[in-house]
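Two complexes, one shared chain (chain A), two partners (chain B, chain C).
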Partner chain A sequence: MVDASNLVGQSVRRKEDVRLLTGHGQFVDDISLPGMLYAAVLRSPYPHARIRSVDVSGALRLDGVEAVITGDDAQQLGKPMAVTLDLFTKVPTIYPLAVNKVRYVGEPVAAVAATSREVAEDAVELIVVDYEPLPPIVSIEDAEQPTSLLYEEWGHNRQLDWQFQVGDVGSALAGADVVISEDFPHHRYTGVPLESRVCLADYRPGQGALTVWMSTQAPHQCRTLFAQSLGLPEHQITVIAPDVGGGFGTKLQINAELIPVLLSIKSGRPVKWTEDRYENLVSGVHTRDYVCHLEVGFRRDGTMTGVKASLVGNLGCDGTCDAAGTAALLVAAAYLPGPYHVPAFGVDVVGYVTNKAPYGAYRGYGKDIANYPMERLMEMAAEKLHIDPLELRRRNVIQPDEYPYQQISGPLYDSGDYPAMIAKAREVLDYENFRRQQDETRREGKYLGIGFAAMLEPSGAAVPNGIFNGYEPATVRMTPEGQFLVFTGNQDIGQGIETTLAQVAASQFGVSVDDVRVVFGDTNAVPYGLGSFSSRGATYAVSAVHRASVQLANKLKRIAANILEASAADLVFTQGAVEVAGVPSRRLTLQELGNKVYLWPGPYGTVPPGDDPDLQATETFMGPRVRWQPDEQGRINLYTTHPTGIYAAIVEVDPELGDVRLRRFVVIHDAGVIINPLIAEAQVVGGVVQGMGGALWEELRYDEEGQFLSGDLTSYLLPTAPEIPDVEVYHFVSPSPFTPLGTKGMGEGGTIPTPAAILNAVNDALRPLNVFLNDLPITPQKVRAALRQAGH
Partner chain B sequence: MKPVPIRYLRATTVDEAVTALARYGLDAKVLAGGQSLMPMLNMRLARPQVVVDINEIRDLMEIRYDPNARQLVVGALVRHQQLLESSLVHAHQPLLSAAARYIGHWAIRNRGTIGGSVVHHDPSAEWPLVTACLGAEFHVQGPQGRRVIPAADFFVTYLTTAVQAGELLTAVVIPCLGPGESWGFQEYARRHGDFALAAAAVTVTLSDGVVTAARIAVGGVADRPVVLSEVTQHVVGQAPTAQLEVQLGQWVYDAVNPLAESPDEQAYKRDIAAVLVRRAFRQAINRQPAGQ
Partner chain C sequence: MAEMEAADMVVIDTVVNGRPVHRTVSARRLLSDFLRYDLQLTGTHVGCEHGVCGACTVLLDGQPVRSCLTLAAQVSGHHITTIEGVAEMPALPAATTEERVRHLHPVQQAFWEEHGLQCGYCTPGFVLTTIALLEAHPDPSDEEIRETLSGNICRCTGYRNIIRAVHRAKELWQTAPSTEGR
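Our next item is the complex of A and B:
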């Protein structure tokens, strides 16, 4: 048996894997109810059109069809979709099925519930919609011209408009020796979970009760959003998220799930909707899609004088109700200074609505937007200033003794050691040697390149005004038989919390992870917590579970001390028992203890005065340094912990084919105290792969008319194993002073800097050919076009 | 993603299949490996009333070597993976197994068939390219009996071949490698197993240090595989020098006129068609037995 007191930090095998890998997981699609119907959705073929009429009579006549709903039903049976998150935004009045107007290709217009999915799809084909096409708004430039409006009542297409400045950026840039400025466009891409969105809705008219099984990252907020969007009393609603096959941020809204719910209300029967891949790609949330104009001033020695940015996002049809993405642009703005000393800073942010799919969350949530332009620019600056790119970063990064560091833009950074990580990167890469090798191989016509990106990962958001407001309760309970239950609002979406939270709890009780069951995903069972997003697990959930475990452990010791006639201070937990330290004969197994309190003899006399027999404890973790009240400079702080990193990509470019091969990918990573190295490494690697996907393959394309071009996995290219090199991960440990165990959340770090590192590497490879690429994803066609233009 | 209502028929002989196909004409589809047809059914891009499953027709499952005609007779139901692994193929026309490696992934190769691939006719697919390059013949059986279609007439345009409604492709007859003949195959795709952005198949016969015969074909650049016979004529009679390779690239660049969505894409396909042919040619030369 492993020494339980040291479970934190051990690569315990994942408890959930036996179930998941042997096909015994239970996902929503595995659940069926008697009398259940299947939903299919009719979607808009137009990016922007008025709906003149919807005729559902043909569908209703088809055998097996039990209910058909349109925008009219959505208005009659429900209310406008509730707000997910509203920070400085305009909130549209919209419904889960289009009312009067469609605003993107793939927007739901009508839906059918039938006795099989096949019949439901047949029926969808029989619905006749009369559209009057309107001019589509596809690009940011389209949206800037208010000739066509998504929401006429706004009078413009801006959903978000915000400015912020600290210090005098104008003079800071004017006083610089060199100012580097560039527009950094970033394409649209998103998380593609293996399990798409799936929802089984069961409305019981008799009780007025609604139960929704859904694949979500945030069951409780979904419950509240259902109540608000349907006008149902929240206490009558239950949301259950069983096994969830990936989220990546894309499962944090209810816009699609409202459709089967409305069908269930209308038909009085349970209705299941299983999103197919086309639906997921065309209407599941999209992200990125922005242009950032960045200007950074440098002194000749490479130190920064100021940073000025203008960030313009293409939000698609909405990012406040349909999904929760708009605030990502604000997170980006707050984190643009990244890990650097920035004496003056100014940013303005605009988010435009366009006729594209809703704007949601995806691994990064704006921290990637903060990273990409800056880390691209650092490499351009290095070239211009004739300073090595790692050295340039070293001269600007925050020093280890400066933490906690108040960044100019508001965030308070907890800990880290960039200089040491930079040194480690040099060593691991055998950097000087690589540069030599690069010169030699170029002479043979082989183009190797190396690119870097520093990484900063704010983790555990606490954003005011909505579903990401940042706190987490946990309850830890001992059974009469001496095992433990951890109740958490955190959601298992494949990231391993069933194991990590069990490790944290087990460590306090001297038991193994098999003696701890983590209960999640049922709003009737667990406290109102916020789920899994924003890399918040190891910041919030872990801290809450730890504190609740400590509290319960103390209670158990007091009771055991009473029984053993010892002092609680002398007791220790070990090997499934509590005993007087150094006197193993005076011990109670946890089973004996539980039995005594609950059964034989029972609580009276067993429990000391002042205590009760309720062997559980609840603690709620709040970010100790979160500050929503702006300081005198107007700054707020939303995140509690900040993993750090230095990333490096080595690529080989075949200039004849435009082919980019990833040769090496090195991650120097610091997420504070690591609970489970195996799981932590998998988080980094998985994140890196999604960043690689965005850099080289994945793109949600629209043509100029707003037609969607990436509706299947032969056009939306996900990386597969043969394309991905081994990702080499090296951990540093700078414990966070802001969490009880020194842990930091760490789900997004892999994704954030990877696109910048890769494009930097490609540009480094092609530098002798005078080629500069500035466009993602880096396709062979784009590489060749740039080379052709340069005369190659 | 569920198909329209479909009747499913299973044939166990060629005659049964042809009778069923003749009866339903345009309303029927043959189901072979299903690796192209099933997605099209599920996405409702294909809406036949009937599918005729040919997976139990034993006569279509074999690869045979005909030593007199020096041909491989490949049954329409032979799976991609079978061609990749077959010792007959390795011995007599290794270009086939080299090309098969590039088709999708193992699971797809285990189900997908050569017949399905050529009749489906994606112009980026490997079998149309290789069979066109080698001048294969396609054996077809229909209500009017059997006919043999040469490769030059077989591939009509995207997703269209000379096989008519009611007809079944039964075999593909592929010439073996000749004496002194070697081969090269190059493909470039975005990811492992993807359909080619472009691919090139080349065979070269050398005698006394001079090219005496060659075949050059490119896939992925037109609505069907392109056999570059004129380019081939430039090459024949020449010594395979580095300079010839450079010229070959230019000839290919000039000869192909890729169909594309944008000028950039067109230029790109031209570029890589030239590169891939050049590299395939080099591969073929390098494979020549020493002394040639």
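Our next item is the complex of A and C:
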């Protein structure tokens, strides 16, 4: 048994597991309603085309088909898709089904609701669309020269165009001893949750009420987006997210879910849409896909003089309504200086729309974009300056006594100790010894390499103008029988909140996690909170639950003091009871307390004057240092906590096959106070392996004509058990001064630096062969091509 | 096409989780859909519908198969075990998580102890694949475990705790009484 006196910091085994281990979880596709229809979607085969006509008559003639909708219906039954997030962006007017033209392969054109999924899919085949193909915009270069426009009314293809400068970066680079400059391209990849998007919509015309069960990370914002996209009153809409089979950022929009909703409105019956894997890959949100030109000036001693960057994103058809990804480029811009002292900084950001799938969120949300170019460049600089790459970072990182640290680009960093983490990395890697070993094995024709990346993980976004605006309420309630309910807007997507939030609450009441039930995922039950994204749980939800628990604990003490004729200040919670400290005979079990307040005798005999019998408390956490009002240099701060880390990859490259093997992966990680080490470490490991996938295998490919080439899991390769080494994790604890428990979020840290660390390691391995790789994923073909080019 | 002729229907006689099942289904009914929608055994999850991810794994006469690549008609005359048939949960409510865990199959217990799952979507497939592995090889090496699990994709855990769970399951299984229903 775990000690219930303070559960924060204990590896409590998860409460949510038994239902998931026995097949008794409830995912959206597990739910059926009487009279339910099944949806199937007709998707565009063209990347860019005008729609001349859509003929659905064949589908309507099929027995079992109850409704067919097209872009015309989307316009008549709904409104343009609501904006998820608009920060300095151009926002298109678009609908969940294509109107007039299609803008990517896989864009929904029409949809069918029928009595079975088989019939619905048969019916989709009978819809005839007459397309007039238009020139496709696939690459950034295509988009720059707008021979063809995605949105004619814009007159260009730029969705985002933003510049920022602090200090004289031109002089800073001119005065440097060495300037390292490189273009860092990054390919398109994404989260691929094993449960794709699923949505069951039930519109009841008699009540004008809509209930939507959907696999989402953010039920409340979905409810608002449905209201705005449909013109329905929001209080008539309920969104329920039961068990969610992974999200990773990709379930933060309603573009696809509007289709079954429209079908339900049109048919008057419940409609379920279960996205298949092809649909998820071709139209589920995509991310990354950018080029960053980075220039960094250094003095001979390795200290930085300035950073200048130009970031150009390939956003696909949209990242503001269809999905919420465009602003990730701005997060990237704000965090390019990373964990380093940067005396002058300038950045240009441009995001182009192209004929690819929508640009959304995925684990990292721009923090990865900030990390990859800089951590790649640091290793290039180390080589050029003849300084060891860990030592070069040590000379530039923020020192532990400088926190809270005002970064030049706006963010305020809360805490950390990079020098100690670098020292730890040297130790656990047995670094000097590794370098000797590396030299020896090279002589045997074995190419080992080591690569590093410093990690900075802004956690808990508070971005203005949209659905990621950064606050979280929680309600904690005691039942008459003395157990507890935690109501949270945070969403369980596998990250363990049913256990960790229970630990936070249980610690205040001296009970076990089994005495606390975490209620989530129902907009009728829980306060309007923002869900799970941006590693915000341990920053926002935990802080709100902690404060609400403290407030309720104080109230319970006041009432118990009245009953026990003691002073509230003398009472403590222990072992499921509240008692006078040091006098165990004067105690009330929480069951006795709840019974007395609610039942025997009831409130008038138990509650002191000034209190009431409502045994619950609500608190809302806002980031205490978030600042949207720009300072004199135009800087804002959007994140509250900043986990830190040093990551190292050791790889072996086979020059004959071009194959990269991961030999070791070491993570030195600091996310402040950890609530549940077992769960926290698993978040890091899971994130690292997603980064490994992006570095080595995963890619959403398009050909030059805009055809999508990665529509199944034999062409989009996900990591499996044999390729993955045991990730080694070492924890540091630098408590955040900005959260009540010192916690920081930590869901994305693993994914952010891993691609840079791995490519750095590959380049380190191949350095004696004069090979420099700069493209992800690092496929055997690319390694062999580079080796051939270098004459090997 | 949707018009169903009588010839498109097939009668299947099978045993699912120890119980006889006699149904008439469409010849194109997938085993995964049959289990999920006709028998309401929704613990079998579908992740890719093309046989790569392994989430839909069930045991066919004790051997792991992809239920998304198997037709319901093919299992007539055979025994199917789904995740719901792995452990018998008691009818009486159990108050604590630990009490409930005690009723699980050793493989499920090991996944709980080692935190071998996060969102839980892939978990039924991993549990059933592991059971089949340990039935055939009570003491597999780390490499054999990884190779066996290479047909199952997990997006959350990064596999480390799943591998640990299988090692732990070996130990638990050797000391556990035989479990019914597998």
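Please note the rule applied: the second predicted complex is superposed on the first by the 791 of 792 C-alpha atoms of A that agree within 3 Å, B and C clash if a C-alpha of one lies under 4 Å from a C-alpha of the other, contacts with A are read in each partner's own complex, and residues count from 1 in each chain.
Keep in mind that, in the parts below, contacts are C-beta pairs under 8 Å (C-beta built on N, C-alpha and C of every residue); 3 or more make two chains touch, one makes a residue touch a chain.
Remember, it's a predicted structure, so these values are computed and weren't measured experimentally.
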Chain C versus chain B, contacts on chain A by residue: C
Contacts of A:Glu118 with chain B and chain C, given as first, second, both or neither: both
First (chain B), second (chain C), both or neither touched by A:His24: second
First, second, both or neither for A:Pro400, with chain B first and chain C second: neither
Touching partner for A:Gly246 - first (chain B), second (chain C), both, neither: second
Contacts of A:Pro135 with chain B and chain C, given as first, second, both or neither: neither
Touching partner for A:Asp276 - first (chain B), second (chain C), both, neither: both
Partner chain(s) touched by A:Glu656 [first = chain B, second = chain C, both, neither]: first
First, second, both or neither for A:Val688, with chain B first and chain C second: second
Touching partner for A:Pro464 - first (chain B), second (chain C), both, neither: neither
On chain A, the residue positions that both chain B and chain C contact, one per complex: 116, 118, 122, 276-277, 712, 714, 719-720, 722
Residue numbers on chain C that touch chain A, as the complex places them: 1-3, 26, 28, 36-37, 41-50, 52-53, 55, 82-84, 86-87, 89, 95-98, 100-101, 104, 108, 111-113, 115, 117-124, 127, 143, 145-147, 149-163
Complex interface listing, chain A residues touching chain C: 13-27, 29-30, 32, 62-64, 116, 118-119, 122-123, 191-196, 243-246, 248, 276-277, 493-496, 512-514, 678-679, 682, 685-690, 712-714, 718-722, 724, 726-727, 750
Chain A contact footprint on chain B (complex, rising order): 1-5, 43-44, 188, 190-195, 197, 264-265, 267-268, 271-272, 275
Chain A to chain B touching residues, read off their complex: 116-118, 121-122, 276-278, 656-659, 697, 712, 714, 717, 719-720, 722-723, 779-781, 784-785, 788
